[in-house]
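Step one of this worksheet: look at the structure below.
Chain nomenclature is as follows: A, B, C and D, assigned in order of appearance, with residue numbering initiated at 1 for each chain independently.
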Amino acid sequence: MPPVHRSVVYDWLRHDKKFPHVWCPGCGLGILLGSLLRALVESGLDKNQVVLVSGIGCSGRLPVYVDVGSVHTTHGRALTFATGIKLAKPELKVITVMGDGDATAIGGNHLIHAARRNLDITAIIVNNQTYGMTGGQYSPTTPLGAKATTAPYGHIEPSFDISALSATAGAAFVARSTVYHVTQLDQLLGQAIAKPGFGVVEVLSPCHTNFGRQNRLGSQVDMMKEFKRKGMRVERWRELPEGRRAESIPLGVLVDRDLPVFGQSYDRICDAASRRGEAGK
Amino acid sequence: MSEKQAQTLGRVETRLAGSGGQGLLLAGLVLAEAAGLYDGREVAMVQSYGPEARGGASKAEVIISDQAIDYPLCTRVDLFLALTQEAADAYCWDLKPNAWIIVDSDLVSHPPSSKAVRLPFTAAARDKLKKPMVANVVALGAIAEITGVISRRGLEKALLARVPAGTEALNKKALALGAKLARDAAGQAPAEGPATAHTEDM
Amino acid sequence: MSGKAARPKPAQTGESKVSFFPAWCKRCGNCVAFCPRGALKRDQWGYPVLADPDRCTSCGLCEMLCPDFALSVGEAGPKPAGAGAPRGSRVAPTTSPERLAPEPNGGEEDGNG
Amino acid sequence: MAKPRAQLLQGNEAIALGALAAGCNFFAGYPITPASEITERMSREMPARGYPFIQMEDEIASIGCCIGGSLAGKKVMTATSGPGFSLMQENLGYACIAEVPLVVVNVMRGGPSTGLPTNVAQGDVQQARWGTHGDHPAIVLCPASVAQCYELTITAFNWAERFRTPVVLLSDEVVAHMREKVVLPEAHEVEVIDRRQPTVPPDWYVPYKTDGSLIPQLANLGEGYRYHVTGLVHDERGFPTRRPDEVEPFYNRLFGKISRHFADLERVRAVQLDDAEMVIIAYGCTARAAAAAVRIGRERGLKVGMLQLMSIWPFPRRPVEEALTGKRLALVPELNMGQISREVKRVNDGRTQVLRHGKMDGSMITPDEILGRLREAK
């Protein structure tokens, strides 16, 4: 049992914003929202220390429900706004919430550079394998062969592995979970928030309304049961023989490493530059 | 020279041309700062921008005047310095009939006018100072001596403020060398230029 | 099914381990589907009810898997202003979901009315 | 040796120094000819003052980063040229709708697309007004000299902060790369305006509720006021709305906060206009050719004057109308196919004959060309 009770999330919900929220019944974003709030409370952060930044899409609507400073930006650009906020006020805990299309298609460039730069930002990437808000078009994470409103004959492009992409690009912390594995999700979000440097948490979430319906995957309950069936702790997954790994989804902390954090490096530059300026006087 | 400066200076359009890497941008900067900051004139300077960082014809244009400078580019050039044949050919189309034309005698075999003053800037920098890269400064020394558009004193101050520490003596020598080249040549062919007061040749 | 409709809603009892906020509930069924002990059932309208309180261990999974913050489990947690208040009002009155949600037992939105 | 107070400065450097004088304490940019000198200068100046500087991965990221910085309370600027300005348009609209103070410098070069990267043009005038989608107010300033680069950058910051809106400084390649002698004012001589902050406690705070000024008092992120910022049309509380009774007042206020100050937003310079029979209306580097044409024309006995537009948007209608009144002829020279002459013709309303002189060859309009055009028209 966590030291703080689950119900504290109600304190962090923004009550002048009308509930129920905009998402479809059963959407994993609501589960993620609760998980994120518990992780924030668990981290001991004050509401005034946290800024939530999102892009466009279903995930973009998440920050508005949270009683913190929240910025709903343009499609794919959440990380750029977050970078500005973090540079301007390094004391703030800046968390971005993006979807898979948001983060790896239109915002893919920003994602890899944010990871490379390693600014102290937490990026939550909700992967539902489709563009849900616009009606189920294929995204960079849509599996090969899957149906989408823009892939009526089946999807022919290989998909991104968001976690592997982030790790390769240089993120200090990369983790994956699903909205079914919600206790693990709580922990991983907490770890990512605590980690100095760029942390990515990939959250698999069902879009039964668009992706599930087109691909006959049943309700969100069925899709979450699939997460339950396939999800495996990464430590166990790594012990699987190579040929059997594709059947399961590795969950947990995939990368956790100490790298130079942009803000600290920049502070050193400032010190050097101001010393040189004084020496020149 | 000193009485010339007492006069009001009309618009004098100068163009320094050569090949990228010959230091014409620095020469233009020094000329502009000498006239603007030390001689108290109004100045405007533009330089050619191209994709190539080295080589090719490049130029810096400095307008010097005692009035506010409206048009910042050369329209009728009063003073033309060319350090390569390519630059001399490329940038000589709008010289005033009586413009000062100063060229490097070794590198410009066919100057745009027979009245051009030909001085061996690069050879002198190489032979006398052992530093061919100060040919641009030698040329500035000659420009001050020949035209009087800028004062030698202003030029020296502007130059010393711009060049890297440790090269001040070399650069002063280069200025003096340019002035001497110009004086020596003046005995052979007096240089004529436009009147310093502004005239609009219609 | 018809028998369950007559069952008093747990939120009204003041005793239940699970509080439901039907105004926020979208009847997705996560809580019912994933309750490890099968303690929750859907009523005839699809809303969850604690059908078998004895089986409920207050593990909280239903709360965590509810995307709509429409139910809350357990006795723990802060007891802010109005400590004797009915279940479901454990949070401060100014931030309580009930302030926006219709009365659980009164309105037409209840779906059971 | 006492350092002379006058300096030889490049237009781009003057923009960087003007920004610093105006209180700029955040810069994000991406290199592009002919604006890179601004970014380079800021990369030296900002760390020495302990302010954030960052070179982002592209122009979209640069302006996004600036908006983030501005929301967190910084006075921000980014600098670019045509292709980068095109990329910035979406987020420029975001800054309009979310009312985020922001200065964007666009150093114009030949376009469209990669166009003429090292040549001058004035083809982004209408883009600066209408580049982002949807209807929105725009403030655009246009310097013609190094001194104006400095002054108008300060004005751009002051207006961005005062009106809580992006302000575009539309420079061009000639002005950007030109060096001129300037004497910059002392810091205490520069008027600096900062954005207004909330005057009520957080619990009473309604972010987009405004007083008579129509300009919201948005709190800086992370300072105890927790509110929502969005690019969706929003109500007074900042939450998305589609209700016509909330959407319409929103747009009216967005325009109203600028349109009620049109008179304050006019910056023009008249040269020998009083007795002129012909007027040249020019802006940016072309105003320099126009001034020379006035000087040479007057020497030849032509009664010609010039109106230089330093503010282009909102279009300075009243001064232009006054300049056109009673003139025999108006000429609008510009390095495009008539983007401002169209506006001049619009406000002319039969006052006089308006001619345009467009040039699209990557070089500046010369005084001779302007004089030739006036002679033809006579």
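The working rule: a contact is a pair of C-beta atoms (placed from the backbone, for glycine too) under 8 Å apart; a residue touches a chain by one contact, two chains touch by 3 or more.
Computed from a prediction, not measured in an experiment: that's the story for all the values here.
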item: Euclidean distance of C-alpha centroids - subunit A vs subunit B, Å; value: 62
item: Chain centre separation in whole Å, for subunit C relative to subunit B (CA means); value: 88
item: Centroid distance [mean C-alpha coordinates] between subunit C and subunit A, Å; value: 29
item: Length of the line joining the C-alpha centres of subunit B and subunit D, rounded to whole Å; value: 36
item: For subunit A, residues that touch 2 or more chains besides their own; value: none
item: Contact graph of the chains (line, ring, star, complete, other); value: line
item: Contacting chain pairs - touch in the sense defined above; value: A-C, A-D, B-D
item: Partner subunit A, residues of subunit C touching it in the complex; value: 23-30, 33-34, 60-61, 63-70, 72-74, 76-78, 90-92, 94-97, 99-101
item: Partner subunit A, residues of subunit D touching it in the complex; value: 26, 28, 44, 47-50, 52, 54, 56-58, 60-74, 76, 90-91, 94, 220-232, 237, 239-240
item: Complex contacts: residues of subunit A adjacent to subunit D; value: 14, 16-17, 47-49, 51, 53, 63-64, 67-74, 77, 79-89, 91-92, 109-110, 113, 266, 269-270, 272-274, 276-277
item: Parts of subunit B lying in touch with subunit D, wherever the complex brings them together; value: 29, 32-33, 36-38, 41-47, 49-51, 69-73, 75, 157, 200, 202
item: Contact set on subunit A toward subunit C in their complex; value: 1, 4-11, 13, 15, 18-21, 23-31, 33-35, 38, 179-180, 182-183, 186, 219-221, 224-225
